Structures are given as C-alpha cells and as structure tokens.
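I've put the structures underneath this note.
The two complexes that follow have subunit A in common; it is paired with subunit B in the first and with subunit C in the second.
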Partner chain A sequence: MNLPPEQPERPQTPKGPLRRDDVKFAAARIALFQYAIVAVFLFLISGFWDLQVRNPGFYYEQAERNRIKALPIPAPRGKILDREGRVIVDNHSSFSLMLLRENLKLEEVRPVAEGLGLPYEEVIARLKRFSGQPRYRPVTIKDELSRGDLAFIEAHRGSPEFPEMELIHAQRRLYPRSGLASHLIGYVGEVSEAELNTVEFVRKNQGDVIGKAGVERQYNDILTGVDGQRQVVVDVQGNERQVIGLKEAIPGKPLRLTIDLDLQAVAELSMEGRKGAVVALDPRNGEVLAMVSQPGFDPSKFTGGIRSHDWQELVANPDKPLLNRAIQGQLAPGSTFKPIVALAALESGVIDDAFDARCPGGATFYGRYFKCHLKGGHGVVDLHRGIVQSCDVFFYTVGNRLGIDRIAEYAELVGLGRKTGIDLPQEQAGLVPSTQWKIRTTRQKWYAGETISVAIGQGALTVTPLQLAYAIGGLAMGGVWYTPHVVADPNRRDTPRRAAFNPDNLAKVIYGMYGVVNEGGTGARARIQGVELCGKTGTSQLASNEALRALGTSEALKDNAWFVGFAPREFPEIAVVALVEGGLHGSTAAAPVVRDLVKTYFDKKASRQPYPMLAREHSPEQGQTQ
Partner chain B sequence: MINYRSSRDLDWPLLVLALAISGLGILQIYSATAGTIWGDTWWKQMLFVVAGLAAMHVIARIDYHRLLEAAPALYLGGLALLLAVLLFGRQVFGSQRWIPLPGGFTFQISEFVKLILILLAARYLSELRGDRPTLRDLWKLGALVALPMALVMKQPDLGTSLTYAAIGGAGVFFAGLRWQHAVALALLFVLVLPVGWTLLKDYQKARLISFLNPGSDPLGSGYQVIQSKIAVGSGGMWGKGVARGSQTQLRFLPVAHTDFIFSAFAEEHGFVGVAVVLTLYFLLLMQIVQNAQSAPDRAGMYVCMGVGALLLFHLLVNVGMLVGRMIVTGVPLPLMSYGGSSVLTVFMMLGLVNNVRLQRFVN
Partner chain C sequence: MGSLLSRYRNLTLLLLLLLAQLILVAYQVRTDRDVRLLRVWAVSAVKPPARLLAAASSSAAGLARTATDLWDLRRENRRLAEELDRLKIQNRELRAELGTAERAQALAAFQARTPSQTVAARVIGTSPVIDSRVLLVDRGSSSGVQPGMAVMNADGIVGRITASYPTASQVLLITDKRFAAGVIGGISKAEGTVRGFTRDLCRIDYLQNEEKVQVGEWFYTSGDDRLFPRGLPVGQVRSAAPGRTFQDVVLAPSGLSRGLEEVLIVVQGVHQAVPAAEASAPPAPLLPPPPPADEGSPEATEQARPLGAPVTDADRLLDRYRRTAEEQKRPYGDNVPPKETPAAVKPAPAPPAPAKP
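Moving on, here comes the complex of A and B:
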C-alpha cells in the first residue's frame, strides 16, 4: 500500500524550543530547492543543447580530426639511367620523422631535437616556416634516420614529454658515391622559401622535395611522382586501428640520359684532382655522351637537407664546386678558336689558297707588338700549317684582314655567343665581342688592336666548353648543328640549324685540324692508332705573362688548357672538348683527356659491333644442344 | 513495530529509477571498456549494484534514529579512517584515496564519509534549539564539516571535499539559514578565496584556469574538457550508436567509464539519450524530495534533503564539467560512473531515504 506523501494527520506543533517533529517549517526551503533542481537540470540540458543540437557539425568534425590521420606516402622519384639503361641515380629506403602539429606544444620539441642531434633553433625555425600550412599536415623534421634515431623514436613515442611523432617510409635519392656527373645530374632538396615564390615551383608546397639543379631540376615534371596518402583511424596513443583510405603514390618516371656511363667514367677519371670540364657529344644528333665538371660535390649531402656548415663550405670554396663548368664556365677559347677564324677568312674571301704569312715570332699591329707562342717563329706559314702549328702571327694577320665584325658574324654563325639550348638549367651564353657590343656596353669605340687578340681566341671573347664542342662538332658535320641534349627521348625530332659553307673551305679547315693531331702538330698527343681524330689545342691566357711575373705565379692565374676534337674526320660521330683550368698547355694537359675519351668510344664500338651473343642465339645448332 | 515495515512499503519508484540509471551505466561501461584492460568492469559494476541493493535494504531496516545516535561515533571513526588513508593508503593516479581490501578491491573511505556527514548534520541541526541556526551553530557545524574536508583535500581530492561542503551548506539552508548569515558566509568565502588559492595544488589551479579558458592549454588540463565537449557535441541529436562513438572507443575521451561516462553516453546516444537519462535523474531527485516532505520528523527531513542535495551537487558538478560549464573536479556521476565505493554509498543513501520513508508509518 502506497500512502500519500503528505501527512495531514500530524498536528502542527506550536513554536517552542524543541520542534523535533515539525517538518513544515522547512516547506518553503524545500520548495525553493525544487526550483533549484529544475534550474540545475535546465542548466545542464542547455549545455547539451548547445553542443549536440546547435552545433554538432563543429564537434563532429573535431571528432573526425581526432580519429583520422592523413599520412603522406612520398612518391619515389624516377631513376636516372644512362643511355644503355644502367642506373646512375637510384633510390634507397629511408625513414623520415614527422611531427604532428595539431596538439604540438613547444616544450615538447626540445627533447626530440636533442635526441636526434638537431639544433633546437633550427627545428623551431622549421616549424615556423610551416605555420602557414594547415595544421593537420605533419612536418618532416629529419630525413634519413639512422638506426639510433629510429630506436630513440620508438622508445619515446607516446610518452607525455614528447610530441606526436610519425615515421614515414620514403624513397630517398641515392647518388653515385664518387660524385660522378654531379653537376649534370644535380641534386634534390626541400623547396626553399625563395623558390616557392618563383613561377617554376609555384605549385609546390612547403616541405616538398624538388630537383634543385641539373637534370633533377630540368626534368622535375617527369621525375617527380604524385605523393599518395594513407588515411588511418588512430586511437589516442596514435596506434593505427584501421586504414580507411589509401591513395598509392605514383612513382616518378625513370629518365634515360644520352650519357654513356663508360665515357663519363673515363672522363671523370682523367679529370680527377683537376679543375675544368669535359663535354662529349654526338654531332649527328646533339646527344651529350659525357659531361664532367671538376671539382665536383657529393649530391647526397643535399638529400636529407644540407647542413648549413656543408653549404657554407661549398659556397665559400674559391674553386666553386657547385659551378657546372661545362655549361657555365665562360673562358677565352684561345687557339681552339682559330679554325673558326680560318673558316671565316676563307668564306669571306679575305684569303685564298695561296695566302701565306711570315712568322718571325711576333708582329706589330697598330703600334703594338704581338708575340707568337713560338719564340723563334714559324717562318712562312700557310693556312694548313697555321692551324697545325697554331701560328699566332698567321691568325693575327688573317684576323686583322677580317675585322672584328666579320669574326663575330662567323663566331655567331657556328653557335658562339648564345646559349646552345641544352636541356639543363642556367646555361651561360659566353661572349662574342663586336663593335656594336662594345658601344652598347662601354659606349666606346672598338679599337682595331683589340681584333688582333680576338683572332687568336683571347680578348673579350669567351665560350663555354659545351659551346665549343657544339660549334666544332657542327662544323665537322658540314655546317649542321643539332641542339645538345642530355635526355634520350625517342620522339625527339630536332630541326638542326644549318649554315651553307663552301665544302672546299670547310674541308681545308678540317684538314688543318686533322694535321694538328696526325701530322705532328700541337695536338700530337691526342693521336689514336686507327682513328682519324681531328682537333685543335688551345692555351688561353688569363693575364699577360708580364703581369704574371710581376705577381708571382699563382695557380688561379695559370693559363687554361683547351682541346677540342672530333672523330672520324668524315661523318663524325663524336666531338669532345676538354678544358683544364690552370693546365698551362692544351697540347699536354687537355689533349690526352680527349684522346682517352675518343679511344674509349671507338674501342667500345668495335667490341660491340658483331654482337656475338646475338648471333649465337639465332643459330640452329645452339637450339639443338639445349 | 518491525511488522509494519515490509518490502511493499519501500519507495519502489525510487528504486526503479535508480536501477534504470544503474543499468544504463553498466551498458555504457561495457560499451566504453570492451576490448580494453578495463573490460571486466561492467560485471564488477553489476556486483556493486547488487551489493548496493543489499546494503540499501540493511540500512533501510535500521531505524535511522539509531543511526543518528551513532553519528558522532561514526564521524570519529570516519575521521580516523581518513587519517589512516592519508598515512597508509594506496596511491592511485597521484592521490591517496583508497584502502586496499582483500580480493583486489579497494575501498574509498571518503565516499562513506558523505553518508556519515549527512547523518551528523541531520542530527546536529535537528537538535538545535531556537528558530533558526545562530552564527554560533554555523561555526560549530562548519568546523565539523571542515575537518574531514581538510583531510580529503590533502589526499588531494578537491571534488569530494567540496561535496562535504555541499552537505553542510544544504543542511543549514534547510535549517533556515538567515539571509544575513548567507551574505556574511558569501563575503567570507570571497575573502578566503585568495588564501584558498594558495592552498590549492598546481594541478587544481591549472584546472581552474583551464576551466575559464579551455583553449589555453589544450593538451594539459583543458584537454579532458575539450575531448569531452567533442564527444558530447559529435553525438548530435541521435548519437553515433552503441560502441560506435569514436571519442569513446579510441580513448580520446579520458576515463570514459568513470568520471566521463556521461560524455561517452552522450556521444553514443545523442541529445535524446541525454534527455532520457537526465529525466530519470530529475524524477529520482523529485522522489527523494517527496520523501523529505513526508518525513516523520526534522531529522528525517534533513537526512533526505542531505541525500538529495548531495546527489544534485554531484550531477551539477559532474555533468556540468562534461559540457564545459563546470571545473574539472573528479566527481563521479552517481549510479552511472564505475566505482564500488561510489555505487555502494549512493545505494546506502537511498537506503537512508527509504528508512525515513518506512519510519513515517511508525508512530
């Protein structure tokens, strides 16, 4: 039986000192308390109303953010192969450490930085740089983690003093240890603040790895893949519970170069310890077979984010190891320019077959005495001997007859003074001086005396090694110039640049270059048995010998040695330029480099020619024995 | 006399409400802990509820006047035990609240002290002469409450010690506290506040600060509240479904089976579920108030209202905390939160209410 809660039968006791049985006195307070209960419940339910009914979307999103972590799957870059498909640049597996920033606290950064041996300030600066990005994107703070790093991270993951850390498996660049073809290949690194503001990298994001130099940069679009993403459900400790979305990375495409590893290796070896460049190209199509610049650098130092110390060392080095001398070194070509002057003279008719000059070891032009490199003089010199013996007086005379503007005209016709258009970044154009040029740049008149220096490849004239190989290779082809390129593209269809020279004139110049190597000329050291190598030596001065003596010989001011050659004499297949800075004489320093390279080329060609393996495969006897 | 009291006369609606809430609590504990190291807590909680029912019956059948007579002794015993906890208790999560019992159970003495304080306050207030409590009476009661408060504060357990204050405060309120005294007490509180601040532990200060501005330190003290608000809010109107709340299941919600159990419930059952449970609590409280109104004497009224006020305080502080409207104090939600001491205490309190109810038939 349930009785009503009220107890009307209980009589109300009058006011007295002891009212143990009177409850009524508190009725008002109890009623007040009931209102309080209602108020509390309204207060609480309104809290839930606020969260659950008025803006559940906001909190739902937050819950999803908690739950779902998007981790990048970095796409491996495409491999870089040589012309025969041999791997030059590979990738290797590595781990990177990313910090998740959504709950990151600054004081958590220090233990991580210390544990991984990173300067605390650098990590902070790095996090600041990423502050413009959405916070759900994690930030990589160290690449190429060592075993020790990995152990450290695993041991401290999830501990309260440490931030949320995520290990990302990434394929990182593996460059040849020796720094082989380092300038040609370039290197990769994280896109910098400045680069992000350029048109080239406008679509990149902070933290993206890009090619920064050489082929890596030029062919970023091909080599760079598309990063994938893994969406995982994680619990509060960051343990993965479930993968809910997976977008695989699309690897970058491999890139086949026109470079021949064998030739590259030979060229690298012969330049080892020297300063200079070698370029070998196939004049029939413009394919670059080898490109060396020394001193080189180790591109792998850049892949994990170059240390500022290493970077300072590279930048401050007076030998400029980051400079690709093959396309960026602009130097006076010296006597290697003489075949071009000779051709200009023949073509423009300032000399004929009968022309000769007498060389007593020097000659005076416009009141100044110009020396020949041979003290005793060459005697009477015609065009052929002039090239073979590299007689300066002969070319002073011819150059004087031509005048600077005609020299410039032919120099430009063969491709000097402007970029060849090779598929590498930051090629330099060299300089072909002319009267126009001088007025434009110095507002001064050209002095005829200056022409005399330019005629032997000195003065204001500068070329890059690539330009020289390109120019001479095109001449050897009879006046056909294919744009040099380092990437083998079967679909490439070049329309070569052509110049109509009188074949007889061209033949005479080429015959001269043949003589340089094969008739006891200045390039005799480049002679190869059985190969009709034609060439021209060059020794370009950086300062007059008098000035040098006054200063005392210093390495930086020593003469540069050049050799440009091609082979065979008819239907050439390879054109090579070697530059040895401070090498003193083209004949001794540069010619052997070209010789070794050309010899390797023809040796390799000869050994491969009959394809013995191929022949055996198709023979019926072979099939029976198996 | 005993014959008049039978199970029929128990407050069945109160019991049904309490069991309904406990049942939902057990379900939620199960959902929140499945597959974790706390996976066995749901059946333990069932045991606690059964034990609680038994304790409730026992308490209901001892005349509460006898309990009131024993109150001073119980009080002294409680103080001694609190002291013992401080000296020898087991440290869990950085505070000493538990006395280990055989069988792996632990015993949180401060929970039972609530019960003792309700009885003590009821006795003290019911024996007052005069119309309203004088200042002197207030001081005495204040001192009686302050002693266990200080001991519990030392554990440190701010939440529980505040519940003691709520018991004392509710008592004097129903005893007819003068508004002048109330104002004076409020002023005193404001004056003591700066001093009290210096007495707080660092984590307690941090909690206060983060309550005022939860975003200031999202991984620290504010973390719990933020995660709780996310859990509640993301539940929306209808909830994510049983065992499907990501905040709960992936443990972003801290201690989802104890202090934050109602957040977990709100995430999985939505606003509708919340409204249902709050209605159950509301009815429960109203039922207790009704028992107070029909109490046979002042002491009985004080006992019932003490229980009612304490439960309301728990609800306000716990649920208010979940939605970010109250500071994080670590007060369990009565009947729902996992915890033997808490469940037993609440059922024993309900036993007291039933006791008072049964006594009204005795005359």
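Moving on, here comes the complex of A and C:
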C-alpha cells in the first residue's frame, strides 16, 4: 500500500511579533523577575543583618524594656488629729501623672505640658533634674490631677504624639480648706536638692515627698510611710497584662496633737481677716490648745507642687502669710510686759507694798519727757492700780529703779529672750536687751534712758506670742514652766523649769491682772461671768511719736494690740495670748479674742458641748476701753 | 308434571307471560296511574344504582374540585408569602432609605447650626477584629482630617480619628476600650471620663460616690480632653451604683443609637455651653481649653477642686462655729473684718514712747 508522501508542516505565518522576539521578551521578563527576587532577598537580608548582627542589643533592650514596668505605690502619710481624735489633716484619693522616660522624646512633652496647663520649661527642667536617676524610674510631673486633667490624659494615652504616661492612684494630703492652723500643721512638698544633702533626708530620693514646715516637718519620720511598688508585664502598646510583683505600701502613723479643734476654730474666726496671732496653752503641762497665725495660707497648694506664680504671690505678699507669727513674730509686747517688771521690782526689793508714784500724765527721766497713755494722769498710783490702770509713769519709775539688767534677768527668768523649745521648727527667740547685749551687738553702752522704754514693753524688747503665753502662764502657775508642745504623747515626762518667787509677790501681780479684767481695768472687755480671768492689755507702738508725726497716719504703722490672760486665778488651766497687728488697742481688739477663747474652754468643760453660745459679759461702760 | 311442563314449555311460558300481563294491567287499572308500570319498575330498579352513581360522581367531582382549590390555594399562599416577603424587604428598604434621608437631613441641619467646622463623611468599612470598634470613613488628610479629630453625628459623639490617609480615615468608636473623653453631667455637673465598655455601652470613670448621678441623666463632652468641643451630647446614664472608690456608671452612647452611615468630622471645634436638660443638638489637634465657669459657681468650685477632695473634721467644725456666730450675730473676738488689710511692716526699733495699756 502506498501511502501519500508526508507533507512537510508548513510554518504558519505569525500574526504578532516574530518568534525570535517573543523568546527575547520572555527571557527579559524572567530576568527582571529574578532581579526583583534578588532585590527582595537583599532587602530582607539587610534587615536580618540589622536585627541580628548590627544592633541586636538595642532591639533586645527595647523588647525587654517593654516587657516589665515598675510602678511606685506611694504610701499615705499619717493623719493629724486633734486632742479628741478629730481629723485635722486627712488624706484623699488622688491621681498623679508620671512620665515613663525609657522611650521619652522631649518634643513629646510639649503637648502634655500644654494640655495640663504646666509651663513647658518647668516640665523640662524637672525632667532634667531627674536625669541622674535610673531611666526606668518614672517621673511625676503633676500631682492632684483634676478631672479635666484625667480626661485629657486618658483621651491622649497611647497617641503616637504623646509620651508614655502612667496614672498613679495615691492618697494625698487633704488640709482644711480654710487654711485652719496652716502654720501649725505646715505642708508637704518634694524634697529639694539642698535638703537631699542634709543628714535628715539623706535616704530620700529625688521626687520623694517630705514635710516642709510645721508639724509635717517636725514629725516627718512618724508621718511618713514606706512606699510600695507594683511590677507589671505590659504589651507592646503599654497595656498591663499581668502583675508579677506587688509590694504594698506601709502607711505613716497618725499623730495626735494637743490642739483642741473647738478652741482652734474660735481663735481662727476671731482672727479672720486680721493680722496677728493667738496662742492658748495649758500652763499645767505645756500643751498648746490653739495656735493661730494670720494671714494664713492654703497648704494644699503645696501638695501637688506649688506653682511658681502661687509661690511668688506668697513670698511677695507684704503681710508675710508664710510667717508663723505665733512663734516667729518678734514684736514689742507693750504693757503686757508690765506684770513681769512689777514682779521683778517686788522680788528684787526695789519697791514694796507702800510704794507709789504720782502720775500727772507724764514724767521726765534723764532730761526727756515720757508721756503716760492717760493725758490727765492717774494721780497717785500704787502697784495694784498701776497694773489695773496700766499707768506708764508708775512703770517708768519702777523700771528706772530696777535698771535694764535686772529687768533682763527677770525677763529671761520667766522665759523671754530664748526659745521656749516648742516642738515646731524655726521658732524665734525674741530679744531681751541688756547692757551686755548692747555692747555685744552695737559696741555701744546702754543708756539709762533706754530702760524707761523697756520698762513698759517697748524699746528693743521683743517677744513672740508663744513666749508671752508661756511666761505669763508659768507665773500664774507660781513659777513653773512646762515646755510648750503640740503633739500629745502619753509617755511624755517633762521636768518643768522652776523659779523660786515669793508667793506673796506673785499673788500681788496676779491680783493686779485680776483687777485689769474684773475691777474696771483696761481689760474689762475680757470679763466673763463666773470665770476668774486675769489678764493684761498691751498696745505697742511701731514707731516713736516723732517718727509717726513725720510719716503721717499710715495703716502700716498702727499700734499693735496685745492681750495676755489666764484663768482661773488660782490653779490656772489655760493661758492665752492674742496679738492683733494694727489693732490699735489691746483692750478692744485683743481682749475680746482671749475672752471668747477662755469662755469656749470653760463652756466646753462645763457642758461638754462643743458649740458654746456666745455671750458678751462686759459692758462697754466698764473700765477703760482704750 | 314436570315432563308436561317441559313438553309445553313455550306454551306455558306464553301463558305465564299473558297472565302476568293481565295481572299487571289489572294492577295498573286498579292503581289508576298514567305511567306505565314497566317504566315504574324500570325506574325503581335503576334509581338506587343511579343515585349511588350520582352520589359517587358528585363526591368525586367535589373531591377533585377541593383538590384543585387546595392546590390553587397553596400556590396562592406561596405567591402571597413571596409577595409579603418582597413587600417586607421593600418596606425595610424604604424605611432604611427614609432613615437615611432623615439622618442625612438631621446631619445636614446639625452641620448647619453647629458652630464647629465639620466635614461630612460616609462610613465605608468596619474593623474585622472582634474586640476592636473601628470604622473607616471616606474622608482623609486631603479633606483636612487629622488624627485626634472628633467624630460625631446629630445624636452625639461617635468616636475620634486615630489615623488619616489621603482619602480615608480610621475612626475609633466611643465603645472601644481604648477610647476616652472628658464628660460632664447635664444636671449633676459631675465630671468624669467616658470609656468604651461593651459592644454597645460605655462607662464613666472617676465619678465620686457622693455625686448624685441619676439614671437617664444626659452627659456631655466637657472639653477637658482638648479633643471634643465642650457641650456635645455623649449619651444617657443606663445605670449608676456606688463602687469601691468611684461610682460604677454605665452610659448608652447616643451617637450610635441610629446606626452609622454618615458622620461629621470636627476639623475645628468650638466649645459650647453644657445644656442643663436633655440633649438636642450641640456644638483637633488640641482645642483651646474650655472657658472657665463663673467664679463662685458650683461648677467652678468643682473644676478647681482636685479629684476626690472631701473635707476634714476641722472644716466641718469651723463651718458650724461660723454658722453659730452668724446666727447669733456676735462675731468671735468682736471681729469685724476691716475693709482693707493694712500692709505689714517690720517692727521698727521703737525709741522711747509712751505705752498704751
């Protein structure tokens, strides 16, 4: 069988490009793909090289840092209570904002500062202050966050433009809103660089909170607890996943003061809007029952770190609101010093029961005329009347007889011119001038004419309100002085300081002080029905008459008003001093303060009711009101 | 006999037939009927089966008719059900369209009256992650949208922008646990922070137990977060109960109540007053802080006070003494505060001068 010859396959005519071109195109595409693959692999290898060879430590550290976060648990400070256990200073729930510094970039701080109303420069300065601390330790940039602050922080947490923020829930100080007893209590704040260098705070760290003033400072060790710590595992976004370590904070111990809140409240209200101080002591043991200094301040402004403008406002205030006038105000005591001069004269034998002086309204000593406060004069004045009527001429004469050194001796004996030793920081000593003092400080001799002024509580003589209460309280006790203190310690065993005064002499002086209040004397406004309140008014000038005439009438140069009193006359339980700066007259400005305080004390003692009814026991017609 | 009959069988048969006919005739005459008896008989004989046949036939026809009716009925029923479904769907669609139109209308009206500058956007996607409550909207950085901007609709706030791309942006919904914003009660004026809680609800943090927050109270943005302008409705309190440190307050966000299709992005916020009663319709990078409340007002006091600041026994006691003095009109220490406080001076060394008592 013959098969037809096989027809050779006819090549088809390509419709598109030539076959040879097709191959080239495909080969080019394959090559391009291969190059792309190589490029991708090179990119991956470079990344791998960076991760594993070039910077493995950096990435490892980053991963580790993000894994565990240590957050402090601030220990609450101990509460401060009054003598009956009522809370004066408490703690309250509060939030603080901490910045975690491990990945912190300074440019991220600006929106936080802006949002929280903090000056950017202050925040940066604060972060720089902590630069010496380990970076794992977060830095608190704001305490006492408001709800608005919390809303801001919560809304921006996790935003890439913001740094890593942590909210710490802590118990922060809650002070009385009214600034009640602000000087006595003091305030807390972050330990400063200077304080860190002292032995007292050597174990503290930057950012720790310490007591800065008052009781908070004095009893800082008792009030301070031990901070705890919480270690948590966090994910990449900073969310807590697990708590791996928890060390609870140990709270500080509560502190019971000798302060009676009822008396403190009355004293505060009596001094509201005024400038001055009130101190109430129990002379039987030195317990401070009330201590007020006005103007006061708001201690809570310090708890979250006081703002610079608030601080400037405080330090620039001419009324010096940070000054605790009760223990730091050193002012001439005026006529409240006269009982001490009288005692000195009796004890030293300069005068006796028969001694009297004639007051025509003034007297000349060493060529200079010294006026009495009563223009027409008191006539013939003995010791009792001299105290009751506060006759200046009588005490000019007695002081002249005593001489400055004997006055100084007795003044120091009753506790003036030196610190009382109260358990509060920065107490001032006042000044009792003497011949030695003048030579020591001015290299000049003492002139006898200067003694005349000191005899009526003027001149260089200065006392603090606490010193005056301490001195007169001790005299009322018959020459026994217990160290004033503000913390009630049941184990406290004080050895009082004693002075051996002639009881008759003391009785005469005390009788004079009784007359001041109860026999139509200058302190008649302080009289209380049923209470034998003894006292002495004082009005101290800030400048001489010549200076006052030259300067004209000035609010700043108005006389200071004093009143010091104690009750009962025998076996006294309370001694009170009131100072009203610029009050003009002790009889009208200061005596009612002491009256209401003493009345509150005895009302409370009698009825055990904390809210005594007020009653003015005096009539304006009684006694001299000047 | 038998053979006889068989022999004359035909005759016999004939005779019998004749006899029978005679009897029948006689009977017919006697009964006086017009119908022939044979017919009567025939009819009588045929009638029962005919009746039966008719009954059977009628039954069969009825059955057939019933079956047909049932068939038709079923078919009609199916048709009606389909029609109902179709109408339902149509109804839903129409209602949805109506809702969309209403929302769009409300949104447009809201956008027109809010003082804040806003950009309208459509929701184009949601997050597939279960825990995450994130949306995508069709406006991005080319429209001026930036991260941190508030997202809202006519009913309230919806969330905030967390990322923006040229033509789209990501919105973190108010119910996401990562969301937080400052809020204030319309009646109680209690301030807190709203956070995502469950899929449909939020909670409010940092509300003191003492604050009287009531179920149904409206909360508004406080502006403290510097993201949301003050005064935008956030939602109504669903439940409020005292907690260990703070109140446990759950809030139903109003911005999500009618679905999310269109939203407004606040590109420039303007703070507004917080309404005292129910919300109607309200008001980017950091907004300016909200204006402070009137000095002395309870709101201002609350704003200024640090979080959770109660008072001490000392405060209470001082207040009681103050009230006592005011009631008796006898100030302690005869203290009538001077109109102006004299400036302090340093105690100058006093030269000889007369002392006053």
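Everything that follows uses one rule, which is that the second predicted complex is superposed on the first by the 540 of 626 C-alpha atoms of A that agree within 3 Å, B and C clash if a C-alpha of one lies under 4 Å from a C-alpha of the other, contacts with A are read in each partner's own complex, and residues count from 1 in each chain.
In the analysis below, a contact is a pair of C-beta atoms (placed from the backbone, for glycine too) under 8 Å apart; a residue touches a chain by one contact, two chains touch by 3 or more.
Just so you know, these numbers come straight off a predicted model, no measurement behind them.
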Which of subunit B and subunit C A:D50 touches, first, second, both or neither: first
Partner chain(s) touched by A:G117 [first = subunit B, second = subunit C, both, neither]: second
First (subunit B), second (subunit C), both or neither touched by A:F58: first
Subunit B versus subunit C as contact partner of A:F33, first or second or both or neither: first
Partner chain(s) touched by A:S434 [first = subunit B, second = subunit C, both, neither]: neither
First, second, both or neither for A:F25, with subunit B first and subunit C second: first
Subunit B versus subunit C as contact partner of A:N518, first or second or both or neither: neither
Contact breadth on subunit A, by residue count: subunit C or subunit B: C
Overlap of the subunit B and subunit C footprints on subunit A, listed as residue numbers: none
Subunit B residues touching subunit A - in the complex, by the definition given at the top: 8-9, 126, 129-131, 170, 173-176, 218-219, 227, 229-237, 246-247, 250-252, 266-267, 270-271, 274-275, 278, 281-282, 285-286, 289-301, 305, 308-309, 312, 315-316, 319-320, 322-325, 360-361
Parts of subunit A lying in touch with subunit C, wherever the complex brings them together: 82, 86-90, 92-95, 111, 114-115, 117, 144-152, 154-161, 169, 172, 174-178, 180-181, 261-262, 264-266, 268-275, 295, 300, 304, 318-320, 330-332, 334-335, 362, 368, 370-373, 389-390, 392, 395, 449-450, 452-453, 456-460, 462, 522, 525, 537-547, 555-559, 578, 581-582, 585-588, 592-593, 595-596, 610-611, 613-616, 624, 626
Sites on subunit A touched by subunit B in the complex: 1, 3-7, 10, 15, 17-23, 25-27, 29-30, 33-34, 36-37, 40-41, 43-45, 47-53, 55-56, 58-60, 62-64, 66-67, 103, 105, 233-237, 241
Parts of subunit C lying in touch with subunit A, wherever the complex brings them together: 147-148, 160, 178, 180-183, 191-193, 195, 205-206, 222, 224-227, 245, 286, 289, 302-315, 317-318, 320-322, 324-325, 328, 330-335, 337-338, 340-345, 347-357
